[in-house]
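The next part holds the structures, each set out as structure tokens.
Shared between the two complexes below is chain A, which pairs with chain B and chain C, respectively.
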Partner chain A sequence: MELAPSATWLIASQSARFVLREKTVALLAALFVTLVLISAWLGWQATATVDRIYIDAAAFLQKSGQPVPSNPVLDISPLSLMRNMSVYVALIGALSAIVIGNRLVGLDRKAGVLPLIGTRPFSRATYAKGKIAALGGLILLLALIAGVIAAATFLLLPAVVPNAAQWAQLAGFIGVSALYMAIFGLVGLGAGAAARSETVGLLVPVTLWLTLTFIFPQLTANLNPTAAINPISALAPLPETPFFHAAAQFLGPFSLADAYKFASAGLLDYLPQGIASPAFVPPLADLMLATLLAATFAWRALTRLSMAQGDYNV
Partner chain B sequence: MPDPILSLRRLCQVFDGFTAVDDLSMDIPKGEIFGFLGHNGAGKTTTIQMLTTLASPTSGTALVAGHDICTDALAVRRAIGYVPENVRLYDTLTATENLIFFARLSGVEAPQARVREVLELLDCTYLADKRVGGFSKGMRQRVGLAQAILHRPSVLFLDEPTSGLDPMGIKMLRDLILRLNAEFGMTIFMNTHLISEIAKTCTSIAVLSHGKLVFHDRIEAVTARYGDDTALEELYLSLTPVGRLSEVA
Partner chain C sequence: MSDAVLTPSPVRTIAAKDIRDALRDRFILIVTAFLGLAATVALVTGAIALRGDVATYEAAKATLLAIGKSADAIKAPEFYPLRLLRGAIEQIEIIGAAIAILLGYRSAASERGRQTLALIFTRPIRRWQFVAGKALAGVGLLAGGLALVLGGLTLVLHLMSGIGLTADDLLRIAIVWGVALTYTACFFLFSFILTLHMKQPSHALLVAFAVWLLLVLIAPQIGDTLDPDNQVAGGVFKQLNIAKPDQVQIMKGFATYETLRDGIEQASVTKHFERFTFAVLGIKATYAGMPLGAILTEMLGNLVWIFLTALGLGALALALPINPDRLSKA
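Let's turn to the complex of A and B:
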């Protein structure tokens, strides 16, 4: 006998399938995976090169009877070779999440099926839960792919062997990356449901993403847009001026890209000694609060979406 | 009058100060094919949206198959099927894929078998594996009707079902409506402004003008009193005065 799946599961699975068929989503997801692969390859290549040079140098020094210094590859945490991944999560990962969130509800509105869905025997809350579950599943999938690539890189590098705690830190980094992408995905989902037109539904979250990624870091850390995407420069000390101290204190909690960089740096062991996030809310708590806010926005927008008149005028 | 399957009690809908449906009360017995007439903007679609729980009334309520639209929306949705004026479906999916999705959402057991059964019932198995994106208005209307009856509803709401159809399509749809009513005892609530269709299909009619109910009777009584289609048209026009219609236009 066929088991009847729940309405939430049906909406989630169907929506996820539709979104994966979208060319824009597929392209962005492919780009994200490619960039994550490139970042892993760059880290692997740099470490492997240093390791090769060290082995040659060590052999030479040994032959000439000189003392052999320790391998520099082993002096730093192996996790730090994944630091470029945080850049791609903040850039293409967040952007992919926005597009996924937007399309999850935008496809129903564009297809004009809301009245047919709205007359089925389940509540608006079930519809909202289904969409949020679909978003969660797709973002976890993206994060999981990034995690698998990172893990494969470590397994392929003989000189770099993370210990159990470092594997846990890597899992934490993947979790924080999923949380960061979820914030933007939820904003995309909420805006897709709340906006009257498809264009506005996409432009609003993209503008928010641009502001948080490129403008806020200028105010809170004196970073130019090009420096803002650098995983290291964000972690430099603040300029000694009252403006930057005040801006970092008060705008810091809203500077989510900064919070994500600090959280990632802590988890991937590349946060310089003596440097901490200047914001009064710890980075991880900040990201969790932002996720909660974004989820509330998405929930309200989805449960208030008119099933009678919510279709886009296409 | 037999027990009503639809019972509207002082139903009102106000949008930004504009009264779209004004104090609408009426009973519709089980098994009727009910024609809801009215000019454009009279409030017919708004009434259907309230009865199908797509919109909440500003005041008043209605019982659909014994369930209150305001307090028991899920039970109402289990009892109804709805075909909007312009049937829109997922264009990238086939008719069968669309129907299986809606069947599952309606909690239909063995959805594949039920979809096949409904497509056969509506004589449109030839559409089963075709993508909906390439369908004509008539084809969409058929699939729209199919999605509405998958879960065997007791009341079927059709919003301007013949709008945009050619004469062949209109006849085909009319035959389907009559068949669903005769074979399955489905009560049909149909919005329309086609007088000729009302006479051929409906067992009772009501006329809505500027949100108010101005006429409600059984079709036999109407034809006995007013005669053929032409007289019915005159009756309709007398109930929706031209002067008032020009305000709407």
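Let's turn to the complex of A and C:
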């Protein structure tokens, strides 16, 4: 006899399918995948250009009788080819996760089906578990696509051969990226459930994302917004003032974009020597704590969702 | 006196009503405060970092003088007060554009959400007047918000810089305000058009944000990433100890690559805004201390690009017929 699927599984799979049918979600997901592909090309192209510049510069220096320094490309790990991927995860990946989280609950609210769902023989906790599981599944799918593209790039470029430890680091980077997207997805899910209007449900997590991506790095490291989205410029040393040292240490744990930046740079081998996260909580632990906090928020909002109300209040 | 004089034009009536609505629900005040906060943080942190640089320079100079050496060996940090606006300008180019998208969305979605669009069109009003009134209100709100933010920043800068701002500085900030308004108006109009014409307003908002991501963050980021000097910490030429004139010589061999990189950046209206404002404010070192007239002449291409984008979108908003199927909430 075939076992009936659990209510959590039914909610998760049906929600994920419903969200994937949304054109905007498909658009953002397609944009993410395209940018991940571009990031692989960018990494390769930029590194190859530096290599060609070095060859020209070395010839020039030799001709003028000056000493020729070592090629900076040789100091770069093959993994750092993927450094732009961390920027696209922080930009489009996080935004896609917010939209997925918001749509997972927003579609039910907008369709006015919550009272109907409320008549089914399962608790709101089951509903919450199903929605969180759907979000987790969709984010893992996005991360997996990014991982496959990164792996395929390394396999297709014969000059770039990562060793076993570097493959493990790449897997770690994909895991950290999934964690980072999950934080925003969970906030999107929670805000979508708690907000009185559809727009507020989307705006709250987007505002949080803007704050973490563009305002906090200025407070913690005087990083201007455009520097914050360049994987190399974002790792500049702290300005030598007591203010930035204190801000980086105490505000650092709240600056999730910084934590993701340091975790990614460490895993993809492009963290410059002598530079480390100045926050008192290590980046990975920080991201895990933030995921836990976001999951708690999403859980509370989903389990308090009124099943007696159809559409949004306003 | 004729009725035409006594009765305000429909464009003015719609614009005034939209502005009243926006001020009543405090949305515009909240988002302006958010932009103001982001820009002020950028200004203050930039000033703190500069103060740190000055202190480091003074300490190094004192050490050199104490051991009887000349202080000429170390370069004094340059101080142009307007340069401290760099972070704030970047916040306007990113967050300001996002706020403009939200305003455009709300402006169009409010009538669809309240099902009032059909009612408005039963009145003696032309459709272009409705669109023009809405656009006027949106641009007016953006103008007010940006004036508040840039005015506040100017005040902070004047008090913090210690040397005060000159009339030339104030003129440059006023020009930046005008260009920032035109730049953000592009995003307002784009989002307004999408929300008014797409089947689902919420989809329009997401599409507008996807385009914002591409134009504001991704195109400049790709251009920036492809810059060879950004690939190695500290810069590739610095690491190879190559002087500026020799760098130019070497980069001549990469003309096609640089053209491609520049083309990607040029495709984004944001990059034109950045290039123009960075030049006018002297943030880019080559324009620091240059007379305003010369900068405006050199930056005319960027200015034309921004204005043509806004004008094109404005014309499109007026020209597109409003589909009766889009009159109500989807």
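Assume the second predicted complex is superposed on the first by the 276 of 314 C-alpha atoms of A that agree within 3 Å, B and C clash if a C-alpha of one lies under 4 Å from a C-alpha of the other, contacts with A are read in each partner's own complex, and residues count from 1 in each chain.
We adopt the following convention: a contact is a pair of C-beta atoms (placed from the backbone, for glycine too) under 8 Å apart; a residue touches a chain by one contact, two chains touch by 3 or more.
Every value quoted in this text rests on a predicted model; they were computed, and no experiment measured them.
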First, second, both or neither for A:218, with chain B first and chain C second: second
Contacts of A:298 with chain B and chain C, given as first, second, both or neither: neither
Which of chain B and chain C A:307 touches, first, second, both or neither: first
First, second, both or neither for A:122, with chain B first and chain C second: first
More chain A residues in contact - chain B or chain C: C
Contacts of A:21 with chain B and chain C, given as first, second, both or neither: first
First (chain B), second (chain C), both or neither touched by A:87: second
On chain A, the residue positions that both chain B and chain C contact, one per complex: none
Contact footprint of chain B on chain A as seen in their complex: 2, 4-5, 7, 10-11, 14, 18, 21, 107, 111-113, 115-123, 306-308, 311
Residues on chain C engaged by chain A in the complex (per definition of touch): 34, 37-38, 41-42, 45-46, 48-49, 51-53, 55-56, 86-87, 90-91, 93-95, 98, 102, 105-106, 109, 202-203, 205-207, 209-210, 213-214, 217-218, 220-222, 224-226, 228, 230-233, 236-237, 239-242, 246, 249-251, 253-254, 257, 274
Residues on chain B engaged by chain A in the complex (per definition of touch): 49, 52-55, 73-75, 77-78, 80-82, 84, 86, 88-92, 101-102, 104-107, 109-111, 147
Of chain A, residues touching chain C in the complex: 23-24, 27-28, 31, 35, 38, 42, 45-47, 49-50, 52-54, 56-57, 60-61, 66, 69, 72, 84, 87-88, 91-92, 95, 99, 198-199, 202-203, 206-207, 210-211, 214-215, 218-219, 222, 224-226, 229-233, 235, 239-241, 243-244, 272
